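Got a structure here, written out as structure tokens. Questions coming.
Letters are used for the chains, namely A, B and C, taken in the order the chains are written, and counting of residues starts over at 1 for each.
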Amino acid sequence: MNSTSWKEPSIAAIVAILAASVPLVFDAYWLSVSVTAMMYIALSTSWALFSGPTHYISLATGAFFGIGGYLVGTGMSDYNLSFWLMAAIAPIVATILAALIGLATLRLSGVYFVIFTLGLAEMIRNLVSWIQNNFLGSRGLYVLTDFTESHIYWMLLIIACCVYLLGWLVNRSRLGFALRIIGNDESVAKHVGINTAMSKVILFMTTGFFAALVGAVIAPRYTYIEPNQVFSPELSFLVVIMALLGGAGRLWGPLVGVIPFTLIWEFVSIQAPNSTTLFLGLVFLLIVYVLPHGFVGRIDQINKKLKERSH
Amino acid sequence: MKRRSTLKLAVGAALAAGLAFGTAALGGETIKIGAVAPKSGPLAGGSTVTHWPTIQLWVSEVNGRGGLNIDGTQKMIELIEYDDKTNPGEHIKAVQRLITQDKVDMLLPPYGTGFHIAAAPIYAKNGFPLVSVTAISDQVDSLTTKFPTMFFTLGTTSAFVGGVIEILNDMKAAGTIGNRVAMVNVADAFGIEMADAARPMLENAGYEVVYDKSYPLGTPDLSPVMKGAKASNPDAFLAWSYPPDTFGLTKAAITENLDVKVFYTAVATSFPAYGGAFGQAANGVIGAGGTNPDDPKIAAYRKAHMDVTGQPADYWASANTYVALQILEQAMEGVGTIDRPAITQYIKDNTFDTIMGEISFDKQNSAKFWSVGQWQDGVFRGVKGSNVDGAVDVQVKSGWK
Amino acid sequence: MDILVSGLLLAGTYALVAMGLNLQYGVARIMNLANGELLVLGALASFWLFVSAEMSPLLTIFLVAPVAFAGNWLIYRFLLLPLVKRAKSQGHLEVDAILATFGMSFIMVGLMLSIHGEYFTYEFLTQPITILGSIVALNRFIAFLIAVAIGAGLYLWLNHTRPGAAMRAVAVSPEAAGLVGIDVARMSAFAFATGGAVTAVGGALISTFITLDASIGVLFTMKALIIVIMGGVGDIRGAILAAIILGIVETAVATLIDPGLTLTAAYLIFLLILLFRPQGLFGRRAT
């Protein structure tokens, strides 16, 4: 072990400790902004675990997230089960589903994979609504708990740390090596004897696991669950957008995408409450044209310049 | 170059306009009031009809007469509004911002059942009264117990179904219809809850539900649904529908010439745009909610709405939204200070004189509301309700001409 | 028979939704996430002119088409071409296009909200007509006829004219097309603009029977993406066949099984087709 390999995780540990103190330091507003940011950090980072190295863009995040939120809602509201039980079941269900999707999509590549995951998420959304309508019935899915925003924030932070830790371990493992080769050239990977199918499916399952866990933990925040709301395709798109803005190639890429994105989003929402959407769009275009390689690209560029100067 | 500078100018002007909204320099003492509701996203199509225009009217009326009387002085309202983009996470952030950063003195209600319930814990924790309007639930008791500052004004799921069944019963007793009912619903929270409540209630009242299907949110073609309903040969057609499909089902019924004596669609039937689009064909359609446009107070409100906002008031939730604002206004002036726990208690203990008459709360729930209305000669009139005056007789739907 | 007739009419609607994106993505290689918003913009124009000037949507489309063509040509020329030029690979361009058009979709939604935030409701030719013994709405039938005309026109143009052949060459391989002297940038701009015009016209027609609002575009973008991918990128026949399959499946399921399962069934068919033909119905196998 050389010293640089420990630099990243030690920085991450310090960041995590600082992040844990957010609810103690900030007021309720900044805490609520942090909850949203932490939700996207966990989702985008776990998304990038799979999509970063393999370049397979998945739009199924909303489906896994929805499974988490919906199972907590229906379990607590219709069957009087505890939050913890449902929060434990939901990620398992999502992982099994992700395994099935992973196996089914092995032959797909590029844009066909992207849209397959989108279609799948939409199918699940409609199927769940139909099942609830015809078999479960409902007088509303209420998730009434005594959690405060701080509790939800800390739970999300723990999830985000787990995702990060897992990503770090994977990067150093044979699996991470295999994934990077798949991302560069899948046929080469096969030739050197890597079980590409296995590697992809395992990583996709972890993505599903974490997205469902985040969905389950966020459900008490929404309190009232509408199937069409938690299975939101918009969430899938936003997770991708944030990860791409940051740069999906690095483990900390999504993090540096989510934070500025959330702050800009807040700034625009406050400054232009009557035309938020319009100005968000303008800001987006600006970012695309000014930062061609995402925030990570810009940071790398600055790093390189600093190094050149020090030589 | 010129193109670029005009663009910059436009962006600058729009930004400035946005800023001016947030920090209106009004001079003198002001009272800060916050509002969060959709200005974009799926629910914006409804909130721009009933919610935002009524808030705009109320603020302009209160400020027009010199503001609210608080602490013995007249205070102008400074309204701070945010867009929740029809997303509960965004809603929570915006409400927290109003409380902790903008330090508002009072909050107006959200828009939509889900948003009320997502925001209720924050209102309760900070002691803000939440006089809800666009929230319909069958869990009023448990919600008001859990959230002691939350008030309901629009009725319950069962009451809405009950109003429709009353109409069916009247017509059945008169021999106008038999007992065949076709029922469809949108497969989303509201539609599922309504249909779930309606099934046992229809059965207990002796009706045969000859067609009972759901359709997904965003169905592009509702004609198979309408063909199916028509083939079941019903006497009455009930749809627990959302705005886009309320219009879509009506169009399909016109095309199929669905011959029923009772045609009911739920949300948005009371929108002026419904009558505007369908004209004479809308005659006899019944729908959720209602109002009494002949009541002088309601008529004055509707006229002011048109004059101030330039658009007509809806025939249901618009008036209820105004009533909620009147209750907050009278409670604040009644207490005389911005003592929110006292204001909440005041709402629990007092009767309010509103455009819908006197309103009081029993266990934080007001039992005065319209449940069913009907389009009659270009006006949507309340036909069934709870403790409301001026309900007109239901007319039998006769064709789509 | 009801199923066949209603299904084909719905297929016409889907073809209107997807043909434009097929050109934009298939030829110009822009994964346009603002496609649905463009459709809604066409619908808004149609609604607004009908309500304020009592202009028939059937006339509005002749206004919408050239405006949308010009607007999309400008967007491609000034906003997207720089991205195409700086992209090192197709993957890189895809990411940039997703981000840029996502921004554009927000801008378009914002503009539409400021014009008309409520539902675009109006009634136009809702009256029934009888086709092969089954009752359909006249407005759907007219939209279907126009969809057929556009689809046939595009097919003939792509397959039986020189510019059409050049267009197909660009769709197959921009590099190779450039080598044989085709102005790829110009062709791509033309394809993008034509696609935009088709989509906007589709929106104007669809608004006569589906009630839209400023925020609903994303639903149409998703539907269009699904149809284009199901048919296979870059082949107009694929998009049309996919539209027909979806239209008939949805109508059959709604009539024979349960209207609640229509969209579920449609997506299931899409997934199954991709499982058995990973490159879509008419797609070329990626090398």
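The definition used in the following text is that contacts are C-beta pairs under 8 Å (C-beta built on N, C-alpha and C of every residue); 3 or more make two chains touch, one makes a residue touch a chain.
All values derive from a computational prediction rather than experimental measurement.
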item: Any chain in contact with subunit B as well as subunit C; value: A
item: Chain whose average C-alpha position is farthest from subunit A's own; value: B
item: Averaged-CA centre spacing for the pair subunit B and subunit A, given as whole angstrom; value: 35
item: Interchain centroid distance [CA atoms averaged], subunit A/subunit C, Å; value: 30
item: Sequence positions of subunit B contacting 2 or more other chains; value: 39-40, 187, 214, 216
item: Subunit A, residues touching no fewer than two other chains; value: 126, 129-130, 133-134, 274-279, 282
item: Two or more partner chains touched - positions in subunit C; value: 109-110, 113, 258, 260, 263-264
item: Contact footprint of subunit B on subunit C as seen in their complex; value: 2, 6, 9-10, 13-14, 109-110, 113, 117-119, 121-123, 126-128, 135-137, 140, 209-216, 219, 250-251, 254-255, 258-260, 262-264
item: Residues on subunit B engaged by subunit C in the complex (per definition of touch); value: 39-42, 44-45, 48-49, 86, 184, 187, 213-216, 218-225, 227-228, 243-244, 247-248, 251-252, 254-257, 268, 271, 273-274, 276-279, 281
item: In the complex, subunit B residues that touch subunit A; value: 11, 14-15, 17-19, 21-22, 39-40, 81-83, 85, 88-90, 92-94, 96-97, 99-101, 113-114, 117-118, 120-122, 137-139, 142, 146, 157, 185, 187-189, 191-193, 195-197, 214, 216-217
item: Subunit C-facing residues of subunit A, complex; value: 55, 104, 107-112, 115-116, 118-120, 122-123, 126-127, 129-130, 133-134, 233-234, 237, 240-241, 244-245, 274-285, 287-289, 292
item: Subunit B-facing residues of subunit A, complex; value: 27-29, 31-33, 35-36, 39, 126, 129-130, 132-134, 137-142, 144, 149, 218, 221-229, 266, 269-279, 282
